[in-house]
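These are the structures in question, set out in turn.
Each of the next two complexes has subunit A plus one other chain: subunit B in the first, subunit C in the second.
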Partner chain A sequence: MAREKSSKDNAQALFHSLRSAYAATPVNLKIIDLYVGFAVFTALIQVVYMASVGSFPFNSFLSGVLSCVGTAVLAVCLRIQVNKENKEFKDLPPERAFADFVLCNLVLHLVIMNFLG
Partner chain B sequence: MAAVANMPVSDLLKSFKLKTKQQELLIRVSILCLVYILAFITRLFSVLRYESMIHEFDPYFNYRTTLYLTQNGFYDFWNWFDYESWYPLGRIVGGTLYPGLMVTAALIYRILHFLRFAVHIREVCVLTAPFFASNTTLVAYFFGKEIWDTGAGLVAAILIAVCPGYISRSVAGSYDNEGVAIFALLFTFYLFVKAINTGSLAWSLASAFGYFYMVSAWGGYVFIINLIPLYVLVLLITGRYSMRLYVAYNCMYVLGMLLAMQIRFVGFQHVQSGEHMAAMGVFFLMQVFYFLDWVKHMLSDTKLFQAFLRITVTCAVAVGSIALGLGMLSGYISPWTGRFYSLLDPTYAKDHIPIIASVSEHQPTAWSSFMFDFHILLFLFPAGLYFCFKRLSDATIFIVMYGLTSMYFAGVMVRLILVATPAVCLISAIAVSATVKNLTVLLRSKNKGVQTGSTKGSSSSKASSKALLDQSQPFQKNGAIALLFGAFYLLSKYATHCTWVTSEAYSSPSIVLAARGAHGSRVIFDDYREAYFWLRQNTPPDAKVMSWWDYGYQITAMGNRTVIVDNNTWNNTHIATVGRAMSSYEDEAIEIMRSLDVDYVLVVFGGVTGYSSDDINKFLWMVRIGGGVFPVIKEPDYLVNGEYRVDKGAAPKMLNCLMYKLCYYRFGEMLTEYGKPPGYDRARGVEIGNKDIKLEHLEEAFTTSNWIVRIYKVKPPNNRW
Partner chain C sequence: MDALRLIQYSSRNQCVLSVVLHILELCARPLDIPKTAKTSPQKGRISLTFTEMARSLAGFLVLVLVASICEGSSLFQPISDSHRSAALELFTLDHGSFESLEETYEALRTFQILGMEKKPDVTAAACRFISETVGSSSSTPKDLFYALKANSIAECKIHEKASKGIISSLNAAVRGASSLLDFYYSVGGLVLIKDQSTKADIHLADAEGVFRSVKALSQSDGRWRYSSNNPESSAFAAGIALETLAGIVSLASSELDQSLISTLKNDISKLFDSIEKYDDGTLYFNDKLVDGHEYQGPLSTTSSVLRGLTAFAAVTTGNLNLPGDKILGLAKFFLGIGVPGDAKDFFYQIDALACLESNRVSIPLILSLPSTVLSLTKKDSLKVRVTTVFGSNAPPLAVKLVGAFSSGSKDASLVASQELKFDQVSGLHILNDFSKSIDVGSYTFVFEVVLQEPEDEKVYVTGSQTKVPIFVTGHIKIENSEIVILDSDLGSIESQKKLDLAGKNAASLSANHLQKLRLSFQLTTPRGHAFKPHQAFLKLRHESEVEHIFVVENSGKQFELVLNFLGLVEKFFYLSGKYDMELTVGDAIMENSLLVAIGHIELDLPEAPEKAPRPPPQPVDPYSRYGPKAEITHIFRAPEKRPPQELSLAFLGLTILPLLGFLIGLLRLGVNMRNFPAKPVPATFGVLFHVGIGAVLLLYVFFWLKLDLFQTLKTLGFLGVFLVFVGHGVLSHLAAASAKLKSA
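The block that comes next holds the complex of A and B.
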């Protein structure tokens, strides 16, 4: 009983400290995080759909899922490069980081369009 | 008047007095230009000695497909179904080849034609490999610069320009995937290391494109997709990870995987094959790892974080192992294919897949091959490893891992010395450059005394400390000079050895044989091309030719006739059928040949010339492969006490099988060597056992001038009565 209570307390304390720490992040990073979350959520919907309907044109399924995963990963890379707390990227202007992000997304979606079939 | 004339001259002289940095740039550029030209011309021996032709067997298929591509355009090439090989099955060429080489050659051909150079596609094909070898030296320079410094880059470029391990598969005429693939491999690795060093998305994108080019060029791309995750894992474990690693690997993996799946031959292997699962596993591991890192950064309380860590790690490990287990058990994730599994277990191929075991390039490597192909690089490699470990960074860890893994695989299979060559050259270049630099610092420090005038970038403290040491050991400068001369001597010996090896061992076209005549003059045997052109000109266009699979590509490319089996070896049963036909008695063989619509049979025979790569020497492999599928063929039937003989004491089945009859037909009357009886086989060194050969269902159609290639026509069935 005590252990249950302490683990529930632990979980709640964890949750609260995470929430408070996250609230402190700047707005632009939160927007990127929202985008990442949306992309992952879309990928999950596609996986559930594939599980129910079957994976016949497998290339279409792969291109759909990989476009979501790809753009999520690229957005995380953008977040890393734009985040002021990362010392390694302090020389990188955020415009350059965004331009790289757009270029990589362009290539990603061109390949996806070829792969959709 | 004279003063005015003098002024421009002195201005001119002043302009020549370049600053040190510009002098260094001039020296570097001129060295690279010379190395570029050297790498190209050292590969031209066979073009100068024979003619500009395609060598070996596989390049003929590549040449034929490139010809088709330039004549019919990319769309037809990508969707090509070839009905002229593997009769009656045909082959889906568009979906079973790596198009990188053909597309590259066709592109060069188009560019040259656009510039109004009317070259034939064959010339472009012959010279593609040396051109890309020159480009590889440039990439090696930049890679060396990235890992160590410009000196190491220059030495790496020079070493790889002449290294025999690379030359063996990239001479002019060797129009094979490896010629382009090694360039793509080194380029991809360079771009990836650059991406890790800078952490930029643009470089990662470039490395994804480099990976795409590698996937389009060669099946050995599996090495890249396994080495890079292994490297990431090593970095994660040793704690050298950083944000740049995340950016570089993830961008390269996702984009590279997507681009790679555009090649039809690769298809969905990146998500379904066991060989590619390491990359995916590391991808997911990285997400978990960096997520935990981010959470740890956000949480201030370590105890809470420990709890969170425990939950997440157990969840992730559980999910991962369940997914992997389900995938492998249900067969969705295919296990490692035989080709790559035999790299991990070298005895596997001999027992289970005789076709892979029979190729001579797939045998384990002997020490002599290492010495032959690497020379001094063999002992410079451990020295370079020592220097790399002294100055560990992301880039040097990468090159060390590349070197060690590729050396392991080079030890397992001779052919893979090619993959190890760039790593060995780079690491040896580090050793050479670091040693020479230390020695020259010793030399210069004595001259300059306590001044901080060292230009090569070594610290001034080193110069002054060496100056201090000089007072206690007065012979240090002489020792340095002696060592420098020793290094110079070794490197010049390396260059001589490499040129000798290229000239003697790696420049033979294999399709044209050369020998020394009785008076030292050179004798050329052009029998193969003689036979193929005879086929082209004297047989009906829809004739089908049966031969052993080695010659399939050459027959379709030069003879322009349909073949039964060729070097692609994708259908083992079909090859076994041909092997069975070759090893059966003539009556059984004619049934098989009639069922395959065979019109002509081609065999290669070296008994008159002493040529030892003929079909009689390959015959036991035909028996083994045939026997692997049809148990009616048993290998012991052809041996006498475990010995393979063709003379009087040979096994009766051997003396009467189709291959024996076709090779030795009319040979019993032939005098081959002075002082030996007629029917003396010079390749085996014995007098043959069965001299009186009668063929019932075949008749001799053509034998080349030196009896190397023999073509027989299958007679139509007799009339009813």
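The block that comes next holds the complex of A and C.
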């Protein structure tokens, strides 16, 4: 019983420390995180829909889910490149990374629109 | 022209048919089931014993001998009414007149020879054509020749002035002639107009000179060339030349040099040396096929030679020394054609036969029989007729039956040499009671014709011996016919039924696979000899239409068939049930051939084992096999079940929710536009950048709605370039600003 209480306390303490650490991240990174969350959520809702009604226009389902997942992945890439604490991309200007992000998104969505049917 | 050969060969088809039937009979032997139980019950294989094979080989050798006897036995019929009706059909007017004078002449001549009433419109059309040609001054000698030829039959009037004109133009043509055909038409025309006009003193100016010029075109082998330039010679040209020379002789004012005439007789004998022969004794002339246009077939060539020969014989004295057999062979050639299907061939045939009917060389006499099938039951008598080629009466003569030989053997003649009695009324030579020693069968009768007046031998030619195939038919006695079911092992009779094969039968038998069926009967000819028909079959037909045929073997007069069901179980496909029995006994010379249903037999066969062969599928009615099949209704793929529209719309709303969540989150984070460039140039770039992205997204929406990929890509190309420009502008400005900030 003491051990349970301590584990619950440990979990709470962990959660709080995570929250405070996260609050320290820069705002632009938080925007990107929010975007990724939004994309993943949309994908989840589409999967739930397909699970309930069947996958009849399978290509449409795939393109919808892939659009969300693809844009999430690109956003994650952008976050990696923009993050100042990441030494690997020190010399890459963030505007350049953003331009890449926009371009890749546009290409991804062209393909998605073609596959949507 | 090869069709003619086929028609000629059809006259010997009786002989060929009998030969073919014998071959078929010998080939039918492998179908026989051996009487003894040589077949093993399990396999049921049929094997030919060595003796049977030797027998069939011997039979085949006899066939070869028979074929040699068959040579020369053929029958030629003189011209009859079937020719007259065919002539009416062939020589028809085309739009009221014939195509040319040549055809007009051919039609008139054919009708004249056959003794048919000339149709009045034919004569009228001919007269129109003739007067047109005769009156015109531009008519060639060929036209005048045919016009005058037609006129000799149609007998239209020609004006004096016109005939004077014709004579002068033809004389000019003779003087200016160089080729054989020029001479032919001009000389022939003069001969004709001499007969037709009132003036009787038409003569050839230099007859001997013209004669020599025509003779100069001859060759050493008896043929003639058409002109001195053309090296090709033909027998057809020889016939034309002989006619021309005969015309010259008749038009000559004084006697021609006899040496010329005798050299011509030599040429004729040489020409006859080149005569060709068919197997059935007919003779004909033929030219080599050199040029398709110039080629005249054997019919026209032989006809031309005959015409020339008889014309020449008519104007010269003395004998031509041609063997009569050759004339007879030529007559048989023309008669063997039958009724030609072409007007020109018809004319050649009839014209040549008219030359043979009355000529100064020799007149052939044809032996023919009104019927070559004699019935013993009707007590037919043998009737023979001897006539000229057109069926006119022959001089007094006697017909002798020299011998009668059975077709299948080389034995001595079955009858003694005897003379046939001549019946004045019918014109037939009849033999009444030859049939005492002749049984049913096929024979070759040999006749000989003997002229009674010795002077006639110089005028007529009859040929030596004529072989004629004769069929003697009769009623075959069928006796002692019975069908018996025997026990296989003991041979004891279980059931026996007598059959009356002449009347109705309805025997009803039953047997199982351990028993045997025996069918037996006796066949006897009217004279009491044994008889083997071409067909003696027993057919067993099951209810399911599966049939089995068995050949009934014979030994002497007794015919017997034994079916051992034990060995036949597999052949019958193990089908038990009711089988209909049908007996066929037939032959060409059997007047009472029969195909009778004998009755039924209930066969009880054991069950079929697993691997037994199935009965063959019965032939399907061809109309049902190739007829329309059942209609197929296509079942389209059922459309997928779609969810209800409300559910879909609800989820659409749900999808918008994360977007709203994102926007709310952005607000909570406190996003702002402070980094937006203030200066006008980068500001516009920035604005344009966002507008460009918006435009691309709008384009994607349109792409999904109505555009196709190519249009989208085209627009995207332009927008992309624009976007790169403005994007670069604003982003580079921002980068420069942040770098300045960092360094500062």
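The working rule: the second predicted complex is superposed on the first by the 117 of 117 C-alpha atoms of A that agree within 3 Å, B and C clash if a C-alpha of one lies under 4 Å from a C-alpha of the other, contacts with A are read in each partner's own complex, and residues count from 1 in each chain.
Please note the rule applied: contacts are C-beta pairs under 8 Å (C-beta built on N, C-alpha and C of every residue); 3 or more make two chains touch, one makes a residue touch a chain.
Please read all numbers here as calculations on a predicted model, not as lab measurements.
The superposed arrangement places subunit B and subunit C next to each other on subunit A without a clash. In the superposition on chain A, contact is made by A:Asn114 with both subunit B and subunit C.
Legend: residue contacts after superposition of the two complexes on their common chain; A:Phe101 is shown touching subunit B, with no touch to subunit C.
Looking at the shared chain after the overlay, A:Val53 reaches subunit C, while subunit B stays out of its contact range.
By the touch criterion defined above, A:Leu18 lies against subunit B but remains apart from subunit C after alignment on the C-alpha atoms of chain A.
Nowhere in the superposition do the C-alpha atoms of subunit B and subunit C come closer than 9 Å. Overlap of the subunit B and subunit C interfaces on subunit A comprises residues 114. Every residue of subunit A that touches subunit B in the complex is listed here, in rising order: 10, 13-14, 17-18, 21-22, 58-59, 62-63, 66, 69-70, 73-74, 76-78, 80-81, 86, 88-89, 92, 97, 100-101, 103-104, 107-108, 111-112, 114-115.
The residues of subunit A lying in touch with subunit C in their complex are 27, 30-31, 34-35, 37-39, 41-42, 45-46, 48-49, 52-54, 56, 93-96, 98-99, 102, 106, 109-110, 113-114, 116.
Interface residues of subunit C, counted against subunit A in their complex, comprise 640-643, 647-648, 651, 654-655, 657-659, 661-662, 665-666, 669-671, 693, 696-697, 700, 703-704, 709, 712, 716, 720, 727-728, 731-732, 734-735, 738-739. Taken in their complex, subunit B has these residues touching subunit A: 199-202, 204-205, 208, 242-244, 246-247, 250-251, 254-255, 257-259, 261-262, 268, 271, 295, 298-301, 304, 307-308.
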